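Each chain carries a letter (A, B and C) given by its place in the written order, and its residues are counted from 1.
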Amino acid sequence: MTSPARAVEPPLLSVKNLSVAFPTEDGLVQAVDDVSFSVEKGKTLAIVGESGSGKSVTAQAIMGLIDRKAARMTGEIWLDGQELIGLPADEMQALRGSQVAMIFQDPMSSLHPFYRVGAQITEAIFAHRSVGAKAARAEALEMLQRVGIPAAERRIDDYPHQLSGGMRQRVMIAMALINKPALLIADEPTTALDVTVQAQILGLIGSLQSEFQITVIMITHDLGIVADVADDVAVMYGGRIVEVAPTSVLYHQPEMPYTLGLLSSVPRMDRDVSMRLEPIPGNPPSPIRLPPGCVFAPRCKYVDRVPGGACASARPELLHAAPDHLVRCHLPSEERQQIAQDLLRVLAGGAA
Amino acid sequence: MGGLTTRWSRIASLGAVVALVAGACGGSSATSAPPASTAPSTGASTAPSAAASTAPSASAAASGPKSGGTVYLLTQAQQFDQVDPQRAYTGEDMAFFQATIYRSLEAYTISPDNTKASQLTPDLATDLGTPSNGAKTWTFTLRDGVTFQDGSPITCADVKYGTSRTFATDVISGGPTYAIQYLDIPSNKDGSSQYPGPYKATAAQQALFDKAVTCSADNKTITFNLNQPVADFNYTVTLGFSPVPKAADTGESYGVAKPPVASGPYEVQSYQTGNGGKMILVRNPNWSQASDPYRHPYPDQWEVDFGLDPQVMDQRMIQSTGNDQTALMYGGIMPQDLATVFVDPNTAQPQYAGRVVNGYDPYARYIWINVQKITNQKIREAMAVALDRASYRKIAGGEFVGDLADGVIKPNLGMDYAPTNMWTTMFGQAIPDGGDPAFAKQLISQSGAAAPTLTFNYADTPTYGKIAAAVQASLQAAGFTVNLAPIPPGNYYSTVFDPKKAGDFGIGGWGADWPNASTVIPPLFTVKGGWDLSQANDPTFNTAVAAANAETDRPTQAKDWQALNTEAMQKVWAIPTLFGKASLIMGSGLATGTGANGGLYIWGPYGSNPYGDVYVK
Amino acid sequence: MVAYTIRRLLLMVALLFALTAAVFFLFNMLPGDPARLTCGKACSPSVIEANRHRLGYDQPILTQYGQFLGGIFFGRTFSSDSPQPIVCNAPCLGYSYSRHQQVLTMILNAAPVTFWLAVGAFVVWISISILLGIFAALNHGRWPDRLVMGISLVGYSLPSFFIGLLLIFFVILKFNWLPFPAYVSPFVNPVGFLKTMILPWIVLAFLNTAFYMRLTRNQVLETFHEDYVRTARAKGLPERTIVVKHALRAGLTPLVTAAGMDLAALLGGAVITESIFSLPGLGSLAVNSVLQSDLPLITGITLFSSTLIIFANLVVDLLYAFLDPRVTIA
């Protein structure tokens, strides 16, 4: 402790050059390709992308849920000073559910249909701590109350199918937080829920985050929900991170054309309702045959603005556009900014 | 006349035979059997010496027949159709019972030679019976010292009571009915006997029977008064005339609920039916060789094993290990196993020599033609000429299952058989085994009618399905249209005997009840005969049959049957197909007392295993 | 649940009435004359009619049905002309004239054999197929999986009579490792019982094992991909707990329905196995009753077997409701 105090506390989670590939009969599926990011303690990182962008695989890699026998995984994942990829299976298992926890998209299918919700929560306690049955039940009950389950003392003995969708997700959250993990990964936690319930769940995650000092990774395809909950946003496409920035920066000064596309397809209260949503034309790339250059090039409207056809041939690097803003794009920075500002103005209704 | 029981259904379902007619047949294939009444008693006083003398050169049987051991009888059947002596009517069952538990007035001689075997030997009776009154009265005298298993003497009253049971047709069903047919008791208008059997007869009705069957004062001589001359009535008494003690009769359940009362050298110790069921016979302590010179019961015990899978049985018999070494099999070897044990029908593979035999079973197989529907004789001739009999035999199993037949009288009936020349000269030219469609077309054009559409009946089994297809193909080649009408095996005969349901022609079969075509021609081709599948009812023919029945000179009678057989074929009331053959096998630890080198043979009278002649080596 | 069970049982009784009626009418429509079947090859019309009367086939079919039902509740007497009429006490399912036995007696004699055969085979096939199925699923795509699936395919394509004959030929006839099967009650001679039943169990279990092995493997593999299994893993549960408590519990529950119904069907008789090994069970009894056109026996066995199957259906439903809380019965 004699060394000089560091100005910045190291991030709770740091992912470095993570690649995950699955060999299949059709070829190598490059699900995650050289992904790096970090999240500081207590912060929320949103990872945004379409399905197949690699965001869920990244989350599963952090959770250690990738089948090592079925996948090739390289890179490093540092959680609170511990590298996870090289960790033996039993040690990783000890971390899962205690240091790092996860909630999923569909709480109905994610809860075991045959067991009572209380039992499913206490099972998570017993997996990591030596606690008596009564104490575990009391703890589970308290957590159920804290996640806002009404009449929790009765609901604790319900089966999942007896609860509403929102209640089930609250149970999932209670189960994830029961061991006070440092990191919570929420994989599309509201996608399967009613719109009115979505906000409640997001609000609940937010309030619990500050209460328990939890770091959160929010995985979503919906940029719309990100604004209120995330500190930083990483946009993934074709297994790669294409843009990372603080939330407000990403919303107001996006640079990557894919991010622009996502933004323009988000319905927003502050936009002219007459403006139609503008989906990105084309389909996400096949993970088996990724384009050699920029993975987004086939769907990008602006490839012809890059000289020499570089978008199709050369792989763009993730470069700093600003100290906390990384962009992976061949377009010159000024041009990107110009395109973005024009578009945002149109979206805001101030046509030209 | 004749007897067929529920066994139809079972064997028909095997697809091997549909003509599951019970009965006896005797006589060798070529030589003529002497008239039954002239056959002397063979009366061997002690069995071993008699048997040994017939096989002096036998190496396998060098030590001669000896007593002891258990003989196993393996069968697919779930049970004996009937154990009741008045109801048993399946050839194999009758052969087994008469060799083991039941005695009768007369019995067939134990011999591998069909001519000898077809001759009678006195059993309970002292001789072959005495006819009088122009063969309308027959008298038999019982031997001294004959007893039931409880030691009580077998009397005339017991034989008489046993005979009377046949008349209770509502309770004692399924058995031979010769007693009803021949005894001099008046009939009702519907043809049934005025005597309803012992169970519910009034005193007046019982008096009718008591008049027809009388006992001497010493209760040892029984006299049967007949309603017609029956020259071979002493053969008739082998069918359903066994003694039953009245006190033990339980009617419907006789022989099943409790063991039947045995008169033979063995008694029933236990009887369980169904898969895994057994009938165990042990020696009858009250049977004495002195009172029964006919039998030589070698084994100490018999065990009948019911409900065995036919493929498993074949393998067990072929392997012949353990208890199976002393086993006999009820029924023949399956076609797929024949090549294992036979070189050809007359030659066994060397290691099975003496253990297997192929020979005539009791049945003649034929295709009946319903003459009430197919009235034009030329059309029937065309059907016969067109039929591919070679394919028929090949599908049925080839040369092991039968010789191509030329009539319904089989060569093993002895003197009653003569070639009919059906396939050589009868229709003016020789007919090849494969049929002659061109000649058949000529016959159709001669008929003056168009070739009709025909419906063919057969039991719905895989084998008969293929046979039916061959029948259809060969007749269609001659211009007929043939519709196939399969019938569930269990219902085959009950359907084709129903004039409303029967088709135009179909598969049938028949076995003689004893070595006289009087048990073949009348049943098959006269309305009263009981097996008239052809629906033949020709007045001239009927008259000729009646005359032949009454003919007391046996050689003359034989000539009559030969002529009637030929006539029926000329009129094509049936197309003969096969003189059936069976392939039997016995365990390696068994031998017969009279077979060549102690080998297995088919006992002619019932076309059965030689139950009365096997011993454990 | 009690009300549900009572309602189902009442429905079952109604169903059985309908079923016996159907069997009666169906048999009546078959070609052939049951009375003709009862007498020999030279049956005079008067004998046929006497037998028809004796067997009651001269009565209208509804009357016959009524007599049958009456026999079940009050008993009947058969062959009253016989010196010893056959008294069949309630519940009387009829009397088989071709077997000279009461139908109920025959069924009750055959039922234990079939019961032991079916239950033994059930234990063999369920334990083997579940163990190997799970083993294959856990090694999905690798050689143990391929081996198990290969065995399953072979088992599928071998007919049971072939396996039966093969086993009999080698185990019994060639090498004499076992005596030829002769059924004895396990309470009378346990060793003889086992010696008799071991081969039939194997033969009967063979085909089902092939099927259930595949079913188990696929079910378990499917549940491995279920979200709740991922949740269990995310909780940090040990792998064994994940497989046993989460994956298998859910994956094997649907097997209860299939296995329950298969067991019930076997309890109605296993025709081929019973025939090959000469076991006096319900299957061979049923087949022979059909071959012999033995109406009382056919009706009795149909009634017995369908009672079993309907009852098994109820048990399976109740069991499933117990195992899967999502299923509610009312």
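Following the convention adopted for this analysis, a residue touches a chain if its C-beta (ideal position, glycine included) is under 8 Å from a C-beta of that chain, and two chains touch if they have at least 3 such contacts.
Since we're looking at a predicted model, the values are computed, not measured.
Every chain gets a centre from its CA atoms, and the centre nearest the mean of all protein CA atoms is that of C.
The two chains most heavily joined by C-beta contacts are B-C.
For this pair, chain A with chain B, the centres built from the Cα atoms lie 91 Å apart.
Rounded to a whole number, the gap between the C-alpha centres of chain A and chain C is 55 angstrom. Rounded to whole angstrom, the centroid-to-centroid distance between chain B and chain C, based on C-alpha atoms, equals 39 Å.
Residue numbers of chain B whose C-beta contacts span two or more other chains: none are found.
The touching residues of chain B, when paired with chain C in their complex, are 1-6, 8-10, 13, 21-22, 78-79, 89, 168-171, 173-177, 188, 190-192, 199-200, 249-253, 256-257, 273-277, 305-309, 311-312, 315-316, 319, 321-322, 487-495, 497-498, 501, 523, 529-531. Residue ranges on chain C touching chain B, taken from their complex, read 30-34, 36-47, 50-51, 53-54, 78-79, 81-86, 97-101, 106, 109-110, 161, 165, 168-169, 173-174, 176, 179-183, 274-281, 284-285, 288, 290-293. Of all residues in chain A, only 63, 65, 93-98, 101-102, 104, 106, 109-114, 123-124, 127-128, 159, 161, 172, 175-176 touch chain C in the complex they form. Contact residues of chain C toward chain A in the complex are 226-228, 230-239, 241, 246, 249-250, 253, 323-326.
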